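Below you'll find the structure, written out as structure tokens, and then a few comments.
We call the chains A, B, C and D, going by the order they appear; numbering starts again at 1 in every chain.
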Amino acid sequence: MQEGKKRNVLTVIVLLIVLIGGAWFFAGNLKTSVTGPVRIGVIHPFTGDAAVYGEPMLRVLNLAAEKINAEGGIDGYPIEFVVEDGKCDGTAAANAAQKLVNIDKVEVIIGGFCSGEALAAEPITTAAGVALFSSSASNPKLSGISPLFVRNYPSDSSQGVVLADAAIANGMRKIAVLQEQTDYAAGIYEVFDAQIQENGGTTHKEEYTTDSYDFRTSIAKLQAERPDGLFVIANSPVSAERIFKQLKEMGWESSLLVSDVIAGDPTLVATHADLLEGAYAAEFGVDDNNPKFREVIDAYSAKYMTEPPFQAYVQTGYDAVFLIAEAIKEVGYDGEKIAAWLRDVESWQGASGTLTINSNGDPEVGHRLEVIKSGKIEVVGE
Amino acid sequence: MEYFLHLAILFSIFAILAISLQLIVGYTGLLSVAHAGFYGIGAYIVALLLKNAGMNFFPALLLGALGSMLVAFLIGIVLSRFRDDYYALGSLGFGVIAFSILLNWQELTRGPLGIPGIPRPELFGFEFSSNLSYLLLSFILLGAVYAFSRFLTLSSFGRALQAIREDEEALSVFGYRTSWFKLAVFVIGAGMAGIAGGLFASYITYIDPGSFNVTESIFILSLIILGGLGSLRGAVVGALVLILLPEALRFVGFTPDIAAQMRQVVYGVLLIVLMLYRPQGLMGKYKL
Amino acid sequence: MNAITTERLRKTFGGVAAVDDLSIVIQKGKIIGIIGPNGSGKTTLTNVLTGIHRMDGGVVVVGKKERTRIKSCEVFGLGLTRTFQNVRVFEQVSVLDNVLIAITKKGVLGSLFERASAAQIQNADAVLARVGLTEKRDALAAELSYGQRKLLEIARALATDAEIILFDEPYAGLFPEMVKRVSGIMQELKAEGKTVILIEHDMALIRELCDHVLVMDAGKLLAEGTPEAVLSNPSVIEAYLGV
Amino acid sequence: MDIAAQLTVNSLIAGSLYALVAMSFNLIFGATRFFNLAHGALATVGAYGTFYVGVVLGLPLSVAVAGGVLTAALAGYALERLVFRPLRARKASNLVLLIASLGILIAVEAILAIFFTSQFKTLSVLTGAAQTIHIGSAVITHVQLTMFASAVLVCGTLWLVLSKTSFGRAIRAVSDDAEVAKIVGINTNVIIAALFVIGSAIVGLSGVLYGLDTGIEPRLGFMLLLKGVIAAIVGGIGNVYGGFLGAFLVGFAENFGIWFISGEWKEAIAFGLLVLFLVFRPQGILGKKHT
């Protein structure tokens, strides 16, 4: 009885080794070749706070793909998206990247929407020779992170500097900061803080996790510092909404600075018009007169009966699909070649204007200063 | 094929977690909800040693396990004084505190930003970069953990653990320092969870504290309750079923968001129904 | 020679003394009965002696050691073991393992690398045979009848090979033939030179078995002596009838 | 020191919320003696009940609040009848009851997420713009003031009911010893069912108030439950008034704790307090010592 059991176990182990070893050998000799639809991976947030971006951005990507497919696709083959939920969270994004790279075998991925997603996915895609193209991740650490990473949304190094300069110019020396604990928000803070200190100012920071609901004590602590201004760096309008409500309840008085995702949500800005009166923001701006930009906004409005939110991301997301499609047409379905082509883009005309990618894989554009007046965004100096 | 490998690797990691928690909960009757904490400590130690110190995976894994064990020892000194509900609450307290430290000791852990780009293991110039080789590694570790746990449960030590579960006070009259046994099994289980954490970190290549919170502890607990308390095989079966379940739900055609919630509904209902009709789980011998 | 002596031993619960400055002597190698009405402190005394409750005052001398505090895990080392009034076997553990618990190594490290040896199992089987549970050897203790569990507890206590064995109402719920077997075991233990402490309500059994009887009432020693002397003592009768 | 005033107010607000959870938790625990994690789910049920009645159906605030509280009470009764009573009848151990209640918590949260999505939602449609009151340099909104009033009112009412009515005496009898209570002719199942209804209504109210103050999402009950259970243990498990005291202790510890250390550690403070109590005073502030 005992002996028989041992033999069984041994047989199973040997079988397992043979099976796994065999499969390993054959797996190494397999190669994916493209003979059908062109598959592009997408890692965007569809659950959690940042889900407010996921759905509209996916619509934008689909609008672009529909247009390309209607015009003949890529060498006759249509574009297909393989969509994964990155949850604006590193673990989910890493899982999604693993799946897209190993199981779906895509050669190019659009994402992550959040900086945290992009930072977590990048090592995986780079190791697999897959191109990662983000149309929204703005953390400065992503600059030049890998030859296989490209983005057409500017780094927050410019957002932080623009806002810090505006603060200093308006006589703010002591600035309170309420920062969400995400890569995006941390990136902006780092640049902002450095620029403020360089100009002789100081910052007092309180951080909060994405699932925080009670900011009262943090606000009270910041209030007690008697700052000249408060910089709210939220990763999504959802936590900003909670913060604004409590700021108002606690009678916050000094002027505000807000991160670009807040300025990019017209409903949020309109709802809190009185609190945000005179607040500064720095956004990667949109150009209403650009015909390609009008094209996507109109197509979206026609199809979904509403103007898209976060239009700064709409323009880059729309462009991303066209850029990738062009790259595949030029160099074929190969991650390394696609990335190389994308990093060479120069004076390309799209919905986000004229795009040139520099040696860091970043676009040669920056953020512009805006001010909120009676619930509307106004560009400063225009 | 690749998809199957992915699931098989996740299964091995969770089977190790389930087996290690089985020793604590199923054999010794200590309802610990701190397990994800040790899983996380192992993951973070391995990730930091690999990424910042450039250490080889295997010594790092050993240090990860030892680190988890050291923390478990310090916590266990306090925790071993409790039993039943109070043990559960105490471990909940420590689990949340461990999570808070992973989240807020930002100089070391980068807090909620997590650690990206953790390298895969390497042995004598061979890199476990393919999922197949990684699966082999995970299976070997799972086998080792299973064999060790089996050895443990068949020993006099294992018999004493079960007696603690049944009646700690009565056992002490027979000369057993029960709190030392509770401490020992807690530390051993934590070491195994640390190994699972190291495997997870190097496989996913990215970790953040969110993977190691109380909800994760509860998930591991539901693996062994489903599989059956007091049975190592039950722990493995529980891990298998609950890893495959969400895939089955996705197969049925739910959207990812709904599927994630449906999975939770199924866990919840499963726990209720099991408690009502089969409190010993699928394969367990022992009733709570 | 005395097996156990207590001096002014005290245990209170919420201000009420369950054992009230009790000083007794348990002689070695005898069967000592402890009787008394419900709530007189017999079980509390057992629990204090075996470290289940911490004593609030007084001294206990076991063998040569004087103690003001007894931890339950030290009791085994003092050569003392017990059964419980409300059976406390390890329910979801096999009958054999219940007995092996008392035989195998007790230290964390020692037990980790020990598997029950053939000799240990033989020893356990012998004890099971002695109480008549051989057939139930591989069953879970939870599957036993109440009486069988009592026998299992006795087996577990016998397996420790302790010098002093405390039986807390071992006869309650036993069938007549089991009663006979247990009485036989007690007499064997006495013959082996061991000390038996028997808490019991059945006066016939006390008369039959005990060499010496202690009567407790309200945590104090009411009387002591031979069974005949004690059971004819008017104050004992009064305490029992509660006049 | 104007920050101290605001922190005191913040502590009282947090404490009031925890007090509602802890008192109702202890009320039920006293009679059933198990850690009912489903209690947290009922806070979520109450909050979503109010959301449904007030926002989806568009009925006025008072109806919405009543609707939320009532839904929670009914749900609590249903759980007692469908899950807990059958388990008690089977003489299930505390751990079995605990795990079953954990299953309920997980399932209810997920079901709410399926119906209402897991997104954060505000109830400000119902309350309108927050009206505030200034107390010295501190600020408090009407909703928050209501929280504090509710906590005090519930505590007072429970005291009246428990100590002055025959129903209260029956509850105390069941809490002291369910077996004895049965023998003297008290129908323990009826008493326990009534406690579930009352307790669930109170915890439902906490969820509703929390929702009106900050907003709702399916996991709010879990957070409230953790804090509530800590407060219940710190105050003395099974003791209603202990829950009240413990809640304010937790509220003050959390809010004044992060005055000195950074706000991220708020969670750790509450649980640190729990561990301290478990080690040094496991019976809690008002609990009786067990041996």
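Please note the rule applied: a contact is a pair of C-beta atoms (placed from the backbone, for glycine too) under 8 Å apart; a residue touches a chain by one contact, two chains touch by 3 or more.
Keep in mind the model is a prediction, meaning the values are calculated, not measured.
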Through how few touching steps can subunit A be joined to subunit C?
2
If you average the C-alpha positions per chain, which one ends up nearest the average over all of them?
B
Of all the other chains, whose mean CA position lies farthest from subunit A?
C
Kindly indicate the chain pair that has more C-beta pairs in contact than all others.
B-D
Averaged over CA atoms, how far is the centre of subunit A from the centre of subunit B? Could you give it in whole Å?
33
The distance between the C-alpha centres of subunit A and subunit D, rounded to whole Å, is 39
Whole-Å separation of chain centres (CA-atom averages), subunit C against subunit D
47
For subunit D, residues contacting two or more additional chains
118, 262, 264
Would you give the residues of subunit B that are in contact with at least 2 other chains, written as numbers and ranges?
103, 111, 257, 287
By the touch definition above, subunit A meets two or more other chains at residues 47, 51, 181, 209
Along subunit A, where are the residues that touch subunit B in the complex?
16-17, 20, 23-24, 27-28, 46-47, 51, 84-85, 89-91, 93-95, 98-99, 102-103, 116, 119-120, 122-124, 127, 181-183, 186, 209-210
Sites on subunit D touched by subunit A in the complex
2-3, 6-7, 10, 13-14, 118-120, 122, 124, 129-130, 132, 134, 139, 141, 214-215, 219-220, 255, 258-259, 262-264, 266
Please name which positions on subunit B make contact with subunit A in the complex.
1-3, 5-6, 103, 111-114, 116-118, 129-133, 135-136, 139, 204-208, 210-211, 256-257, 260
Contact residues on subunit B for subunit D in the complex?
31, 78, 81-82, 84-86, 88-90, 92-94, 96-97, 99-101, 103-104, 111, 218, 225, 257-258, 261-265, 267-272, 274-276, 279, 287-288
Which of the residues in subunit B come into contact with subunit C in the complex?
152, 154-157, 159-160, 162-163, 165-167, 169-178, 180-181, 184, 230, 285-287
